[in-house]
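Below is one structure, written out as structure tokens, with a few remarks after it.
Chain IDs A, B, C, D, E and F follow the sequence of writing; residue 1 opens each chain.
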Amino acid sequence: MRPSKRQPDEMRAVSFERNVSRHAEGSCLVKFGDTHVLCTASLEERVPAWLRNGGKGWVTAEYGMLPRSTHDRMRREASSGKQGGRTLEIQRLIGRSLRAVVDLPALGEVQITVDCDVLQADGGTRTAAISGGWVALHDCLRWMEARSMISVDKVLKDHVAAVSCGIHEGAPVLDLDYPEDSAAGTDANFVMTGKGGIVEIQGTAEHEPFSEAEFGQLLGLARKGISRIVSLQQLAVA
Amino acid sequence: MRPSKRQPDEMRAVSFERNVSRHAEGSCLVKFGDTHVLCTASLEERVPAWLRNGGKGWVTAEYGMLPRSTHDRMRREASSGKQGGRTLEIQRLIGRSLRAVVDLPALGEVQITVDCDVLQADGGTRTAAISGGWVALHDCLRWMEARSMISVDKVLKDHVAAVSCGIHEGAPVLDLDYPEDSAAGTDANFVMTGKGGIVEIQGTAEHEPFSEAEFGQLLGLARKGISRIVSLQQLAVA
Amino acid sequence: MRPSKRQPDEMRAVSFERNVSRHAEGSCLVKFGDTHVLCTASLEERVPAWLRNGGKGWVTAEYGMLPRSTHDRMRREASSGKQGGRTLEIQRLIGRSLRAVVDLPALGEVQITVDCDVLQADGGTRTAAISGGWVALHDCLRWMEARSMISVDKVLKDHVAAVSCGIHEGAPVLDLDYPEDSAAGTDANFVMTGKGGIVEIQGTAEHEPFSEAEFGQLLGLARKGISRIVSLQQLAVA
Amino acid sequence: MRPSKRQPDEMRAVSFERNVSRHAEGSCLVKFGDTHVLCTASLEERVPAWLRNGGKGWVTAEYGMLPRSTHDRMRREASSGKQGGRTLEIQRLIGRSLRAVVDLPALGEVQITVDCDVLQADGGTRTAAISGGWVALHDCLRWMEARSMISVDKVLKDHVAAVSCGIHEGAPVLDLDYPEDSAAGTDANFVMTGKGGIVEIQGTAEHEPFSEAEFGQLLGLARKGISRIVSLQQLAVA
Amino acid sequence: MRPSKRQPDEMRAVSFERNVSRHAEGSCLVKFGDTHVLCTASLEERVPAWLRNGGKGWVTAEYGMLPRSTHDRMRREASSGKQGGRTLEIQRLIGRSLRAVVDLPALGEVQITVDCDVLQADGGTRTAAISGGWVALHDCLRWMEARSMISVDKVLKDHVAAVSCGIHEGAPVLDLDYPEDSAAGTDANFVMTGKGGIVEIQGTAEHEPFSEAEFGQLLGLARKGISRIVSLQQLAVA
Amino acid sequence: MRPSKRQPDEMRAVSFERNVSRHAEGSCLVKFGDTHVLCTASLEERVPAWLRNGGKGWVTAEYGMLPRSTHDRMRREASSGKQGGRTLEIQRLIGRSLRAVVDLPALGEVQITVDCDVLQADGGTRTAAISGGWVALHDCLRWMEARSMISVDKVLKDHVAAVSCGIHEGAPVLDLDYPEDSAAGTDANFVMTGKGGIVEIQGTAEHEPFSEAEFGQLLGLARKGISRIVSLQQLAVA
């Protein structure tokens, strides 16, 4: 039995609230149960130096946690003077995931930065950030389309969403919350497109190595969960 | 006429939403119009090194802005590797303001950190942070009282709240929003207690020096605004 | 009775020694009693990036304390790898204060940096720095005038000077030294122009909140003290 | 055809040279073709603060590249003042991989740090580092066993090794070198134990999403490659 | 002819002004012509961690330049976030030089930090700092002796002083000022004790290598200059 | 008797292995006994900002030690966030030494960076780095000559090499290894050209001051050692 009483293949309640920021070109407050992430997409006219005059755009992401988004207060990264390895790893993953569904030449020479700030954490912050970040990015592109800068259909090739799975007390389960994540023997994050293509897989054995069969079960659960998240994204932006 | 059509002595809509964080001992989402600040109060068992074994506690504050809380995206301080002068100045002010109404020996040898993170900015973020930080602090102390750690009445001596005033197009106005703040000739922040004692005054001439008479007018407006904020704090925690 | 036996409205001995640096365009060693600050004004041909091609100049300030300017040795900020919040707060204040009396378009597209380094501290280092910084700035402008770069009368609109006041053992006193500053219930810094306009007010209740009446008394003392400092500035640059 | 003329399932020449460091308790120069990584294992008597008095040990890793290990000279991380996200990500991966085959309580309260420094890079530095790091770790444990500190058989549960696979010009290939890595559509790193258990999987679609079938092919190649690396480890430490 | 019209073996005017700091246990403003360095010696009860409980003390030094001590304003090291290589090199040299004449066990388990801050620079700041640092250190030890903490005769084994020499327009000259230093083909710093023992030699060919004979001439000049500086130290502390 | 049984004027085995890096324009693995330093010379088309459009090139050096190159593991400088004073001092020395034999205008407006990374340390790492750095630099210049960019004979004026000497148990000895270096009363590094000109001398009394006569003996030993190293360089590049 899962701590949350959910079925093994049951997601937490997922919701996307759009237009939560007055200033950002696109924004979304995404909730995976008690995990809440505020995503904003910011359009900037200039691309990174290494892309200049290359005729294509860029999508990047930054990730942060509010100091008391977690059970115990964490040290503020701005105060400690650097972003930790986990933060850098996550924001690189979010950026790669979003770029996988964007046609960068069709975007034109602009940069969109998707900031994902965790207001409250209960496991799965990176997967919520990718899923909500897509909605913020979508709305930023709609904003650009309304100003005749681009055509969304040409720039945004597909949905992208993510979910974590793991082996909890011997059983494969979908969408780990924090109590499960802390105890899980194996923990994997999956990023897929709306059409079901795989964008990223990260699986880690926390204690015992896992088998190919177990991994296959996790992948199956992930496919189911991501399919549901994509449906909710479709409803949200409809 | 103010850009917002408000009367010179009219505050923006002020609200305090409590218990917005699942983890923090006290929390409050404070809104001064379109300025939204998430305040959490975190209890820690240990005090800073210089206070150890001194038999008294400490209250401190940290302040941050989400990168896209502002009109244009700001660089993330965690990424730039240090907190700017403005950030440090503001968090020192919040900490001093809250400590002014706390009996530190009665608190006992613990530390409460009040994190004030600006989700959306439209002027007056520091005054909203102080006013909402007080609510978060209050709730943290109630949490401690419920566990027989302290008596709130002995630790929390009074309310504390803050507001900005300024001279906008020649007229003194209360509670500046961003368009007024950018254009104001003189800008002042006032921190006062529930009983009307002054805790902090910071007044700055952005262009032309101001006179004692003008400053007196700003102080009068501030008194009126803070009195209203304190009433709303009382309603919120009742 | 004040520890120094001064009258409540009595300044410490204030002196300005000009031309103390062989290299700087303007320089001044200012003393407020045992507080000694070396101020240099450095002319640079280029302005900060955000001002470029705007046809106006900039005046900025930096502040530092020698490690053993204080009673106990402080850690050197260059060694600890960052400037603390207090340092940043003070140098921002000095810069704002000096800019309040400079016509930046008349200065032309150059930058003047006023470095204020505390050789010995006994309270009031920021007010001494502003008062002495004005003399260094003045001399830098004279240096420019001698080279037909500007007209001092057009660029420098007025004097600017600063002093601290506080409530010490219940009585309002002028120009706090370190023993008073450490013990004062309320501590306020005032920056005013030669004509008596107020440029900056910063008042803080260290323990008990203060009243409007008390603040009025401090302002009155400050006006008297600043008037005397301005007279000494006039003598110094005559 | 692969740029190196290798068969799709053909590893580069892999070698492990032991005892290359005079000072380290264990050391190994590992080569995967032109990728050369110097691995040292250093025994320290003390564990990280959060493990103290917990009766178990710790294995951690650090990773670095010499500035001219790459085609173009990279900036030295010691000089730029921080380790980049890629470096942190890789050294976290190496540490997790090695810990997966160590019985930390049986190790006792000591720490072993495995430093992996890339002398020359041609793709696959992280997989070479894990594979060679295991040899250095093994030799460090032998060193401890010779001093009656531990029994290697109780501490070291299995081999661990890693390899990258990818889809290059539409075909799945094993052990990417740099030209393949730069051009690959999909790139995945696999870490497995000697018994074939999976420790870590990281797969990324650089351009087009990949399918479950493609991923299965990569996993099959990896299994073959890792099996060969483990055989070479066995020979090396025999 | 030297730019300053000095004879080849002629020092600049050297002076030591003691007791220039109200707070430091020992202090000295040393001048070598237009090079002015403020030296303070600060006594602290605790030694660095690696010396703790070793029964001996430590003498260390820190060095800094005020931003406008130089012809062109330099960036403040506290603001740039790190001390440059030249600063670190110089402060290590000052520390080693002073320790060469101190009996650390006789000092007892305390640390003396000698801060050398350059108020005005005209070449030879490190040699002035060593020579003046000795006076500050001496006075700090006298301060300790007056409190029966040590005996100066047992702790301070000798004088130490330093001077630079160089080959300027083909001729060996003593005590380089800035114009000579910038133009010199060879530049050497010498540190010697009162008895004539050599503590440190640093010679650098800026353009052409130098010969053993030339180096011998520089050493002879240095001996003469240091002998004079030591005499002046003796007069100063008599 | 020296710990290594060497004669007082006997160098350790010195060897230069060229072309050890696949990517660098020039490279050399230099060994002074158990001290092993990997030197690479990297050609870059751009010079530092302060040299731009000056028609001359630049040669610079960077130095690092692998964490376990030493007897006890050192903290990785990339991880601690800054290069220590010793590192900066050494890399400045290497750069100056190499520039002493390069005609920078003849090099043309390019920069060569010589990275010296210590794989294993047993004393004398900086002298090995200079001696091996020269070989790497030489080979980089040959690489340029082969592409008709320069003429080596015009750019490279001479050999440069370095060795340390010291007074060990009262006797002057050549080429200190780590046990001697730790115990030596006096330690000196000498850098000379092939023709015998002196480029740099650094002598330090670790405990007792040394005499001019002793220093002369060290210089004599150094001359002998450097002459031998230069011969080996000649053989290596022949």
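In this text, a residue touches a chain if its C-beta (ideal position, glycine included) is under 8 Å from a C-beta of that chain, and two chains touch if they have at least 3 such contacts.
Predicted model, so just to flag it, every value in this text is computed and none were measured.
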| item | value |
| --- | --- |
| Touching both chain C and chain E (chains) | none |
| Angle (degrees, nearest 5) of the CA superposition of chain D onto chain E | 120 |
| Same-site or different-site touching of chain B by its copy chain C, using the half cut | same |
| B-C, A-D or D-F - pair sharing over half of the C-E contact pairs | D-F |
| Chain located farthest away, centre of chain E as origin (C-alpha) | A |
| Separation of chain B from chain E, taking each centre as the mean of its C-alpha atoms, in whole Å | 50 |
| Chain A-chain B separation of Cα centroids, rounded to whole Å | 33 |
| Multi-partner residues of chain E (each touching 2 or more other chains) | 81-82 |
| Chain contact topology (line, ring, star, complete or other) | ring |
| Chain order around the ring, beginning at chain B and proceeding next to chain C | B, C, E, F, D, A |
| Chain F-facing residues of chain E, complex | 82, 84-86, 88-89, 91-92, 96, 100, 188, 192-193, 195, 197-205, 208-212, 215, 219 |
| Residues of chain F defined as touching chain D within the complex | 21-24, 27, 34, 38, 40, 42, 44, 62, 64, 66-71, 73, 76-79, 81-83, 87, 113, 115, 117, 119-120, 122 |
